[in-house]
Amino acid sequence: MCIGSPAVVLSVDHEKMTAIVDYGDGIPREVLIGISEERVKPGSIVIIHAGVIVSEMNEEEVLEQLEFFKTTLGEEASSGFTKIYEYLLKESKKITGEKK
Amino acid sequence: MKEYITLAHGSGGVEMHEILEKLFFKRVSDRFKRVEGGIGIDEPDDAAAIPIGGGKYLVVSIDAYTVNPPFFPGGNIGVLAASGSINDVLMLGGRPIALLDAIIVEEGFPLEDLEVIVDSLIKTLEEEGVALIGGDFKVMPKGQVDRITITTTGIGISEGPPITDNPRPGDKIIVSGYLGDHGAVILLAQLGLQSSETGLLKSDVKPLTKLMLPLLERYRACITAARDPTRGGLAGVLNEWASKTNTLIVIRDADVPVREPVRRYAEVLGVDPYYLASEGAAVLAVREECAVEVLEYIHKLGFTEARIIGEVRETDVFKGYVATETPIGGLRVVEPPRGEIVPRIC
Amino acid sequence: MTLGFYSELEKQLRFNRELAKIVVEKIKGLFTEYTVKTGIERLKIMDFCGTHEWSITYYGLRSLVPSGMELVAGPGCPVCVVPSHYIEESIKLALDGVVVYAYGDVYKLRARRSVRGAYSLSEARSLGGDVRIVQDILSATRDAAGHGKPSVFIGVGFETAAPAYAWSILRKHLPVNLKLLILVKLTPPAMFYSLEVSREKPTEPPINGVIAPGHVSTITGAKAWTPVSENYGLPVVISGFEPLDVLVSILEIMKQLVEGKAETVIEYKRSVSWHGDLRAQNAINKVFEVVDDAWRGIGFLPKSGLRLREEYRLYDAFYEYGVRELKPVEWEKDMPPGCRCAEVVLGKAYPTQCPLFMKACTPQKPVGPCMVSIEGTCAIWARFGSRDLLLRITNEVKTSKG
């Protein structure tokens, strides 16, 4: 029913409650922010349905996702996700590093 | 109930075949569907062929180009009209030698734009060694035609029997490169009410001379079918082949080259890249015993993204079907194109 | 700009064949265990989202799950369930000179009766109506502001689309010449209705588990579905849309069935929370009121649709153009004779069991609502093949030689 595509947020206009995003085709597009605007920042990965941001995926939630796979599939089956773990770990270090 | 022509009739899918059948194939008597010994609308293919003696054929194609917008990322209607007819001649096994064009332009069209378009057309022809030997030029009152249409006739010589598409069980399906680029760009331009920026999407429009001429020279006997997947895309070509030859064509999603930005954009719109047009790619059916060699040769010609994407199979029950193995090992049927390609929200 | 970690995650969930194999084996294992334990050999799992149905068919999941497991689609397409009446009204607007903005699938949607020769907005365009396809409301907003002509946006959708319309109004994006024809439907009432129908008249096999909508739940929160597990005793998994998301969700349902549980669980954790997005919910409540609404193929369901509140009449196409609402008494005319869409929508019949399927009713000339939207179950089956066809072709592909 509701096709949703991931995109990365390039900038946010708080006045209009819109954001400029890239779906991965390199074309900046303006979309409405449908959810709480503090969830949407430049660099956020969001899900867009019919031109409106309906969800944002932060790293914590992705880690929860990976945990869910681990419990449902068992440790050995989720080896495919190791790379994502490493990436997230690296990213979180980068973010905390920036803060310092 | 009165029936009307809709855009779906021109989308290269099931509706178009139905209307062609109704308007032409049924009305033209069989003996006038081709020139004696040649190929005509009895074999609806990219082009027609007329025998000229010595085992050679004159290959002739015609196509009307009405692209909206006339200028798009990666090209314009001039390059498209030249490349399209060159490719149609090539796909029937002909070496393109000449082209004729008929341009209809709307009153008020900027001359500067027309110059750019015509220059592109001429440049494309000259680069491929194709002569422009005739044409027509008409102007229609404002509003009676949408900016510009170009019709081109491509003429070529086939040194051997023309390649009428007859893939056989066992043949491998080869694509020469990324698919769907042109279709994605056109959809973008038509829907892009907001941004003129082009990002990573670019039409693949180009003549396939550098691919097809060496291939024809060396491997003509290996190639059982050749087509450029324009309107209707890969899905259209494969479905036509399967139904024409009563075979089952099986491909693998993971092997079909689609550029990442095209895949992303198609996903946003909810359209399948297999139905998007390419204007600079070829789909070939090649006999099993030469397939690997042909593929390597295509790579050497500079078409490094070429791949074997599947094969033609004999079948008792599933004649005319195209199936694809999905990346995770499932299977789905690739239906022939139907209707206009429009984005969906749901 | 790349999608970062998401690209990698997507790659795994879409292309990791080994992982898919493991999940499929686990599903098969639990299925056998369940059969041994209960003697039940056939199971039915229902999805409620057209995009789930799309993933299931597009990635060929029906060819992977145990043959005793049926994956059926519920009323998960907001386009298919738009009553013909509103399409007819939209065609009228277009033919009367109003610029009509529609999503691609609404543009193709066929009405039961023709309006001055047009059965759809697409045909209305052929007859001279100004119908423009858009992907989102912002594009319509910009375009309409540019030309200034009287315009209407056909605002279909589920809870997922509602915030777009709400924020367009609250943030004053809409130019004065653009009005909204809001036809938003709410999904929980339709799910409860489907389950109620199948409880009263159980199908064989009955519904054993539910794959709940992922993107609707980003707004409503997973909590919207707890009544399903509580009242109907069914495992409910809110699933993502990649093929492995759906397979893992099926695995979770099997786990619950084997353990005798019936819980609402989120698989789509990267996007869905338990409470949803409160700000979006508030915006929806502020702008819209909940009404009893007509679902094509199903009927009038209480409290199942949204319309603009009176204070937002300025934006309301119903008010501006006097578009008539459908009354419950008129509703029965909406189903074409012979069409079994109502049963298909409720998971009670397969498209192939309908006498019209691919005969009188095809994607080019759809008769029933299930065929009209590209995401309708019949349209999906027409494009990607039915389960039966799929299983037979799978067999053939495995055994045939080139």
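Labels for the chains are A, B and C, by order of writing; each one numbers its residues from 1.
The rule is short, and it goes like this: a contact is a pair of C-beta atoms (placed from the backbone, for glycine too) under 8 Å apart; a residue touches a chain by one contact, two chains touch by 3 or more.
Computed from a prediction, not measured in an experiment: that's the story for all the values here.
Undergrad: With chains as vertices and touches as edges, which is it: line, ring, star, complete or other?
TA: complete
Undergrad: By C-alpha centroids, what is the most central chain here?
TA: Chain closest to the assembly's C-alpha mean: C.
Undergrad: Which chain pair shares more contacting C-beta pairs: A-C, or A-B?
TA: A-C
Undergrad: Which integer distance in Å separates the CA centroid of chain B from that of chain C?
TA: 34
Undergrad: With centres defined as the mean C-alpha position, give me the chain A-chain C separation in Å.
TA: 24
Undergrad: Quick one: report the Å distance separating chain A from chain B, using the average Cα coordinate of each chain.
TA: 38
Undergrad: Considering chain B alone, which of its residues make contact with at least two other chains?
TA: In chain B, the residues touching two or more other chains are 194, 268, 270, 344-346.
Undergrad: Note the residues in chain C that touch 2 or more other chains, in rising order.
TA: 16, 50-51, 77-78, 103, 135, 138-139, 157, 161, 375
Undergrad: Among the residues of chain A, which are close enough to touch at least two other chains?
TA: As it turns out, chain A has residues touching two or more other chains at 1-3, 22, 24, 30, 49-50.
Undergrad: Can you name the residues of chain A that touch chain C in the complex?
TA: The contact residues of chain A facing chain C are 1-4, 6-8, 10, 16-18, 22, 24, 30-37, 39, 45, 47, 49-52, 54-55, 57, 59, 61-62, 64-65, 68-69, 72-73, 77-78, 80-81, 83-84, 87-88, 91.
Undergrad: Sort out for me which residues of chain C touch chain A in the complex.
TA: Interface residues on chain C, with respect to chain A: 1-10, 12, 16, 18-19, 22-23, 26, 48-51, 54, 76-78, 103, 135-139, 157-158, 160-161, 163-164, 167-168, 170-171, 173, 187, 213-216, 218-219, 241, 248, 251-252, 255, 266-272, 277-280, 283, 375.
Undergrad: Touching residues of chain B toward chain C in the complex: what are they?
TA: 1-2, 4-8, 14-15, 169-171, 191, 193-194, 248, 250, 254, 268-270, 288, 311-315, 317-318, 321, 323, 325-333, 335, 338-340, 342-346
Undergrad: Can you list the residues on chain B that touch chain A in the complex?
TA: Answer in residue numbers: 188, 192, 194-195, 197-201, 260-262, 264-265, 267-268, 270, 344-346.
Undergrad: Can you list the residues on chain A that touch chain B in the complex?
TA: Per the touch definition, chain A meets chain B at residues 1-3, 5, 22-30, 48-50.
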